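In the two assemblies presented below, chain A is common to both, partnered first by chain B and then by chain C.
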Partner chain A sequence: MSRDGSRASGIVLWWDAVRRDRKATAGAGIVLFFVLVALIGPLLVGDPNALVGIPLQPPSAAHWFGTTGQGQDVLAQVLVGTRTSLAIGFGVGLTVVLVGALVGVTAGYLGGKMDGLLSLLFNVFLVIPGLPLAIVIAAYLPSGPLTLGLVLVVTGWAWNARVLRAQTLSQRKRDFVAAAVVAGESRFRIVTREILPTMTSLLVAQVIGSTVYAIGAQVGLEFLGLGDVSAVTWGTNLYWAQNDSALLTGAWWTFLPTGLCVALVGFGLTLLNFGFDEITNPRLQLERAWRAHLFRRGRKPARSTPVVAAPGSGLPAPAVDHE
Partner chain B sequence: MRYILRRLGFYLLAAWAAVTLNFFLPRLMPGDPATALFARFRGRLSPEAMDALRQTFGLTDASLIQQYFTYLAHVFRGDLGISVAYFPSPVSQVIGMGLVWTLLLAGTAVLISFVIGTLLGVAAAWWRHGWIDAWLPTTFAFLGAFPYFWLAMVALYVLGFTLGWFPLGHAYGDDLSPGLNATFIADVVRHAALPVATVVLATLGGWLLSMRNTMIAILGSDYVNLARAKGLRPARVVLRYSARNALLPSVTGFGMALGFILGGSLLTEIVFSYPGEGYLLVQAVRNQDYALMQGIFLIITLAVLGANWLVDLVYLWLDPRTRESES
Partner chain C sequence: MSEALLSIRDFCVDYITGTGPVRAVDRVTLDVAPGEILGIVGESGCGKSTLAQAVLRILPPPAVISGGSVRFEGRDLLALTESELRTLRWERISMVFQSAMDSLNPVITVGEQITDTLQAHRSMSGHDARARAGELLDMVGIPRDRLGAYAHQLSGGMRQRVGIAIALALAPSLVILDEPTTALDVIVEREILQRIRALQREQGFAVLFITHDLGRMLQVSDRVAVFYAARAVEVGPAAGIARDPRHPYTQGLLRAFPSARGTGEEPTSIPGAPPSLMDPPPGCRFHPRCPLAVDRCRTEEPALRRLAEGRFAACHLAE
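Right, the complex of A and B next:
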């Protein structure tokens, strides 16, 4: 396979790795499906707010997912909701990691007083419960997607900052950073060109994790009625289902599809992350190779996970061979 | 001791940050905060009461610093203002009504989920690639992907509405009066079972996975191999040698997760019309009752900070290294 440029080959490598891992493939499949739904779905249905039939009708040929308490088409609402919710989810996921990286890497690289101050800041944000804080902030601001995004970023960035600070601290002591300092590279260049690229897999994992968080938190806040309740998103769908007493009238179709979508996207992203972990974690990689090796020889592997690879072999070093 | 005091200092700082945030949020709002905050009261409050409320929030013509200290003084006295949704009850009294139920619900759910999840994690790591390890992490990761309150809706629909096994909401039956007798307690348990179960189901996976992963790393370490080679009973190797050490990251995560789980359990309360803080929060949002909202935020934050400090004490007991570093 010919690859031009290191960046392109990186993506190809990732894609190959995803394809080889069963969990990652399943996760990527689910996520891709929903991205397609978000892109194409709304084009296939009419206005989700249009009153198209008698309220609270169970699924039928005319309305595949039934109608809501106001007589809107549930399918149209779910499809349009997918677009808005995924857009906010991915947008917030990305922003949260950007803010976290900015603060975490700055703290880890500069050290000293700056580190102490920034660490204190994200530790305080970590310990203050997110949902109540989000509610208080959202209640004061005009409701809309921008407010929602802002609130989710404010309550969600701290965890990423903490992880990235720890990672930066461990990278900072490495020789290649010292070499860059000696070579006279600027601080900014060292951080963006030397340190950040070593954390690519961690950053990708964080974006995925933060997107899961953002979708969940967004649905939760909108369910409370803190979003723009006239917009069509997964959260407002559930808000109206609860408001129209869907449960006590037995209208399961008003909340079942939306909830399944939220869970499937979250699950798909989590699977993708599991898969990435196994791809990028050398220990788990090694364990796989070792188990495959033992199975080929018809032996059962011991209980422990190998720690060190023997040079060049891709198999565990003899020291941890318990056989 | 120094470790504990340092942590205590941190929590006090966090509490101060929360109170300060609470003070500045209404003032960051576009427009005049006093007018916006009290617009809802018009027609319902006498001018004297309005003035009292203004005093509570420090929304006077005094300088910002003075307003801030007035506010701090009121918070310290437990005066959080007057609720609009439950007019004319003071906010502190309204919050007091719900606090017991929230603590009961979230506390029980977190404890059950932590204990069962951690034990399952130990089992999954010990019988590596067995059926527990093969099925449970994925199953619970799937369940954990659902919003808690949505699981609650489904549980309520299937087990409560369709099958009629559980009551459809509230903390106890209308026909009972609260008291420390067997009938009442049994009724409370019956009402709490479903909400607790949904939160447990949604959160179990996290503990399971974290424990499993740490256990796997620890089971491969030299001292565990030595313990095994010495011929110690497997139960001893697993529980005393491995699990105790593997517990440390989970305990650290416990404090972090607490706020998150509490948030989810607040939303679950809404589905079950459970009379805790979550239910009050919805009333506050619907009625734009800012004082109540902010009060709940403050109380929940303080509860989480207190719980975190308790977790630190447990950590101290589990990990002797934190005790030795005092000197």
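Right, the complex of A and C next:
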């Protein structure tokens, strides 16, 4: 097993694959752009809470995104909000998958009573409606980004656990696991070194998907006023825009930039997900060449093997004496 | 001359890869007469399974059919619509796949699988379908009480026989057997082949029998087509080819099988390996491994030429 020897070059291969796949590149580009904004953006603008001008000014040279209902700079709010929103988004996305993996893979591999117990646990969490649970928890804890993160993790981990448990169950029956058991590998090692690596693409997809969920849910909850409304995040921007009757006054600049950011990040992450699918599944890549071949000849893929030359045309045949 | 049941002419199948198309079946011309057993033999990767699946048009992406024609019972298979193909498949042409383990649904019983097939094509009551399923199992020598068994409860040989029963369920006129016994031991293999031959004589369907085992092929088939590197290199009656192979590859294949009657000759293998289909050698594709190759073989690709009535070989030296 040359796993260790090839790990370094694995990362290089991945990066190369991301570059060559258009969807992954586009998605990565968008996400990286926003990460950069999150890192550097707040340094380029002043205090987002400062009152800098007349309220509800449309975009102008002085304030590129205009001013809010309170007279604050919208651009500053969007840029500063990016940092917190993305941090919570990625943080929750990763944590949700980590917790889900811990519970799901353990349940799937150990089986028996432990599996029963853990399955009961995540099934209960799946059944409890997310939004009311989030509201109740948020009501009891001090408001703030960390609380929000906690709430999202608590309401979001169960689905990942369920999926990973199912995947572990199917992998557990395979011959390479039996071989590892016979070779004397400890259970922990089998789970981490044998089973988990087979689910890499699934885990990556889950992290990306959970991040999209986290960003969307976070913005949603904050919009409802359940976050810390004095913090500056995308969600609270929208909360305040709504509070100041942006739709009634027609002040589109107070919510459109933020909304676009949320949509774009979601879009970029989803593109990245599709792209990774193609990268980790070589068959999809193979089919891409095939689809392009058909498309160039004006054909659409159907269930049966396509015929790309006209029937009966054939190629110039060598001399064959037909019976 | 009676009309051929299946008539393949200059048939080409490509696999579209990221680096360009790879030709897996190259201008193959073959006929299958009604009621005859035609065997297709060749090494792994020579295109025989690809050909079989391409005839039914069930090759998965990235395969495309890129040339030639396939006529079955007078109809052009390459011009049929999806729904016409669906009616044709199984009712007129059916297939037994290589690994029975994969071709049977693991979560429904064997009986349900047969009745599903029957009811998908004919309007039959459940009762009639079950009766017919029982008949089919009788036909392949499986006790009727196994109708309620799941695939994992049957042995490999039984599963393969179920596969055959399903293939014969609608009394097709052509049955394609794609390496039907490769995964089985020789005793079971012999039983199954004998049964196929008996059923074939009884019911009169034609068989396209694909295998890499030349000895088995010659015992079972009426006519044989030898494939090499995506091309048909020798075609003829089984007895004639066994007695007097005209293509060096066929000669090599026959020499590689030990004779059970023990003439004392050591089997000899063909040196080298089959060529990469992405970059085949110029001229005759077999020339790098051929003991009889001359200069002409390196530059000019031999056509499949007719040597005698029903005998064809693609070799410059076979005339």
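Assume the second predicted complex is superposed on the first by the 280 of 323 C-alpha atoms of A that agree within 3 Å, B and C clash if a C-alpha of one lies under 4 Å from a C-alpha of the other, contacts with A are read in each partner's own complex, and residues count from 1 in each chain.
The rule is simple: a residue touches a chain if its C-beta (ideal position, glycine included) is under 8 Å from a C-beta of that chain, and two chains touch if they have at least 3 such contacts.
The shown structure was predicted, so the numbers you read here are calculated from the model rather than taken from an experiment.
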{"item": "First, second, both or neither for A:His293, with chain B first and chain C second", "value": "second"}
{"item": "Residues of chain A touched, compared between chain B and chain C (which is higher)", "value": "B"}
{"item": "First (chain B), second (chain C), both or neither touched by A:Leu196", "value": "neither"}
{"item": "Contacts of A:Thr270 with chain B and chain C, given as first, second, both or neither", "value": "first"}
{"item": "Touching both chain C and chain B, counted on chain A across the two superposed complexes", "value": "303-307, 320, 322"}
{"item": "Residues of chain B defined as touching chain A within the complex", "value": "10-11, 13-14, 17-18, 21-22, 25-26, 28-29, 126, 128, 141-142, 144-147, 149-150, 153-154, 156-157, 161-162, 168, 216-217, 219-220, 225, 255-256, 258-260, 262-264, 266-267, 270-271, 281-282, 285-286, 288, 290, 293-294, 296-297, 300-301, 304-305, 308"}
{"item": "Of all residues in chain C, those that touch chain A in their complex", "value": "1, 9-10, 12-14, 16-18, 21, 27, 29, 31, 53-54, 57-69, 76, 78-79, 82, 85, 301, 303-306, 310, 312"}
{"item": "Chain B partner contacts - residues on chain A that touch it in the complex", "value": "120, 123-124, 126-133, 135-137, 139-141, 159, 212, 216, 219-220, 223-226, 238, 241-242, 247-248, 250, 252, 255-256, 258-259, 262-267, 270-271, 274, 303-307, 320, 322"}
{"item": "Chain C partner contacts - residues on chain A that touch it in the complex", "value": "285-291, 293-294, 301-309, 311-315, 317-323"}
